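Heads up, the next two complexes both have chain A, just with different partners, chain B and then chain C.
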Partner chain A sequence: MQNEVLFAILALISIVSSIVMISAHRPIDSALSFIVTLISIAALFALVNATFLFVVQIIIYAGAILSLILFIIMFLNIKDENLPDEKYKNRWLLGTSIIITPFSLILIDLILRSDIAVHALRDEKFGTIKDVGATLFSQWILPFELVSILLLVALIGAVTLSKKEA
Partner chain B sequence: MLKGYMILSILLFSIGIVGLISRRNIIVMYMSIELLLNAVNLSLIAISGDLADSSAQVMSLIIIAIAASEAALFMSLFVVLFRNRASLDVNLFTILGGKE
Partner chain C sequence: MSTFLILLPLILTLLFSLATVPILVWMERRVAALIQDRLGPNRCNVNGIRLGGIVQSVADMMKLVFKEEFLPSHIKNKFYYLAAPSIAFMSSFLTFMVIPYADNVTINEQTFTMQALPTDLGVLWFLAFAGLGVYGIILGGWASHNKYAILGSMRATAQVISYEVAMGLSLVSMLITYGTISLNEMVTYQSQSFFIFPAWGIILQPLAAIIFIVTAFAETNRAPFDAAEGESEIVAGYHTEYGAMKFGLFFVAEYIAMAASGALIVTLFLGGYQLPYLSTQDLINHFELVLWLIITFAAVTSLLFLAWVKKHNILVMNGLNETKIYTTVIVGFTLFAIIVMSYYALGFGNASTVGVMLLQFAVFTVKLFFLHFLFIWVRWTLPRFRYDQTQKLGWNILLPLSLVNIFITAIVVVGVNYGN
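Our next item is the complex of A and B:
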């Protein structure tokens, strides 16, 4: 019962702050409200006992990626004339939501009608760093190595892009 | 509880799609992409909690790593584009079209 109440509160916070994120005019406002979304999603992770992913979400998303975005926004020194003048922003948002709503309603209807919940029993070490690490290094070793190559490519790409042309 | 998580994930994904299509500010578009990845992560974690299987958690860990590398690329892209165009409007970014 307590979990359902917490879930409802966190779901409301994440939806409201993500709507604020896509509709704010200045990027700093949307970045700050996106932090709220990410932290509430991290709390939702903790609600299903995914403790390690909760920590990772806080450290990497809310800590590293969002502080990088905030750093870039402040570093670029964006003024109002640098922003696109989205005269019809609200109309665009309304029109796109009208187009997207039927698809999400179909998906929600499918979820509500299907019988997906299994309610398997979770033991104590579920979601801990030991459990996740054992799965990662036994069954998922190839994707893990591929991710290291991807990170290397992204590193080289970022350095090459930001190099000043001679 | 699982159905609630799935519905919340669908709603967040739809909000991200709406933001990605209707905004022209490239930083907001980038954060909408991150919101899409987070919605997928949320449903993966919910399924993993329901099945008591930690494979889905590893999957979402890999998705977080991909999002981090994407963040690094996007940040250097913002700096280069803002240096060339002095704007964040995606309609002005036509460098790939070949005509200056």
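Our next item is the complex of A and C:
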């Protein structure tokens, strides 16, 4: 019971803040409500005992990536008159949400039939540091290493591109 | 009893974070005065009682709390402006939650963890909430609509983000050494001995210890890395536009962040709550001997302290006679403590578990205050780094060093385990 109430509150917060994120006028509002979304999703991970996912979500997304984004927004120093004029924004949002409703219904139906929804999460170890580590380094070792090479390539690419300018 | 033992670490967290702030402010001023060869605040008194000047910082705190709340009229985003100090305060307070103050206590087959949150996340939790603290600074600078504030918060953010990398990497080598992320297990590991030394982190991993301590200074925006509030260049940095308790929250947050990093350094590198060479089980087994040693220690130190007070407390104030009151209080307290301890030491009662727990709290507190002293010592000894020097130190020196350290640690750990 307690968990359901907490889940409802957290889910509501994450949905509302993600709606605010896409509909906000100023970029800083979007970025900050995105932080709220990420933290409430981290709390949802904590609710199913996935402690490692919880803490990594906060360290990497809320702590590192979003603070870089905010940093850049601060650097740009956007004035209110420089923002695009979004006169028909509400109409656009309404129209697109009507169009995507059937697709989202299909998506919800698929999620409800998925393995996790039918047989609720029973594994106590799900998302703990040992479980995640063992899964990554035994079952998914090749994709894991490939992804890390990809990230390295992106990193070096960014460095060389920024060097070229100077 | 069990409720009390569950609440005890929470109470201790409040004591170590919030309640030590006035003491830290006092220490900062008195140590600064010591280093600059002057006296520091020691005149403020309540009817003649000065407590060495602590009354001064209590008075300062009262002033901050009761000052008029003032909102500058040019602030457009009131919500962000007001949220910033609370975010800074909350995140630095939350980092304290995973520090173990004593070993797990088992009473009547029930085990209580002596950390405020009974979680094994340990250092990861610390990293997570230390990282969130940046938002307080970013928002505070941004919502102030002030060039100095923006400059200060940009400096602080860039510094925290770049030093977080070196901090995380130096932690990785500690994780490889200890083989766990739970802080309590790390402290238990450090009760072993390494050749003739205690196996403290600073002896096993001196390089990681230095890197971590330097990055901890930078993460908390303490001198020599306090270019973010360099008063000669940018007034007061990100809290230029803040006053009264809103400033007070930033101020307290900085001290709590310092206390939390000090506590983490103690836990990771200085053996946490352990006495060197003695594990919790040893202490419990030889509890009576330990008590006799403590009794001797208490008697000797309080006598020395009394002699010191008599010699140095020469200022004559109006009101009560300070030296006399201190003497009475110290003698009375020491006698009471000695009587209570000899009751248990002579074997009339058995309180070894609780006694060892209290001893470990005391050891932790002493180590923590040594770290506070170190933070203050460094602040008043080293000049402030220029901003580009700070960045260069972080990226060009600390980052490669911590990477090399991880590499060496991994080789050594694999080699040692391969031999077994």
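Keep this in mind: the second predicted complex is superposed on the first by the 140 of 166 C-alpha atoms of A that agree within 3 Å, B and C clash if a C-alpha of one lies under 4 Å from a C-alpha of the other, contacts with A are read in each partner's own complex, and residues count from 1 in each chain.
Simple rule for what comes next: contacts are C-beta pairs under 8 Å (C-beta built on N, C-alpha and C of every residue); 3 or more make two chains touch, one makes a residue touch a chain.
This one's a predicted model, so the numbers in the text were calculated from it and none came from an experiment.
When both complexes are overlaid on chain A, the residue A:68 reaches chain B and chain C alike.
When the two structures are aligned on the shared chain, A:58 is found in touch with chain C, with no touch to chain B. Shared-chain residue A:35: touches chain C; no touch with chain B.
Applying the stated contact rule after C-alpha superposition, one finds that A:129 touches chain C and leaves chain B untouched.
Contacts of A:82 after superposition on the shared chain: chain B is touched, whereas chain C is not.
When the two complexes are overlaid on their common chain A, residue A:50 makes contact with chain B while staying clear of chain C. With both complexes superposed, B is the one of chain B and chain C in contact with more chain A residues. Residues common to the contacts of chain A with chain B and with chain C across the two structures: 52, 56, 64, 68, 75. Across the complex, chain B meets chain A through its residues 1-8, 10-19, 21-25, 27-28, 30-32, 34-35, 38, 41-42, 45-46, 48-55, 57-62, 64-73, 75-80, 82, 86-91.
Touching chain B in their complex are the following residues of chain A: 3-4, 7, 11, 14-15, 18-19, 21-22, 24, 27, 30-31, 34, 37-38, 41, 44-45, 48-50, 52-53, 56-57, 60-61, 64-65, 68-69, 72-73, 75-76, 78, 82-84, 86, 89, 92-93, 95-97, 100-101, 103-104, 107-108, 111-112, 116-123, 126-127, 131-132, 135-136, 139-140, 143-144, 147, 150-151, 153-155, 157-159, 161-162. Chain contact summary for the complex, chain A toward chain C: residues 28, 32, 35, 51-52, 55-56, 58-59, 62-64, 67-68, 70-71, 74-75, 77, 129. The touching residues of chain C, when paired with chain A in their complex, are 80, 119-121, 124-125, 127-129, 131-132, 134-135, 138-139, 141-142, 150, 153-154, 157-158, 161, 164, 181.
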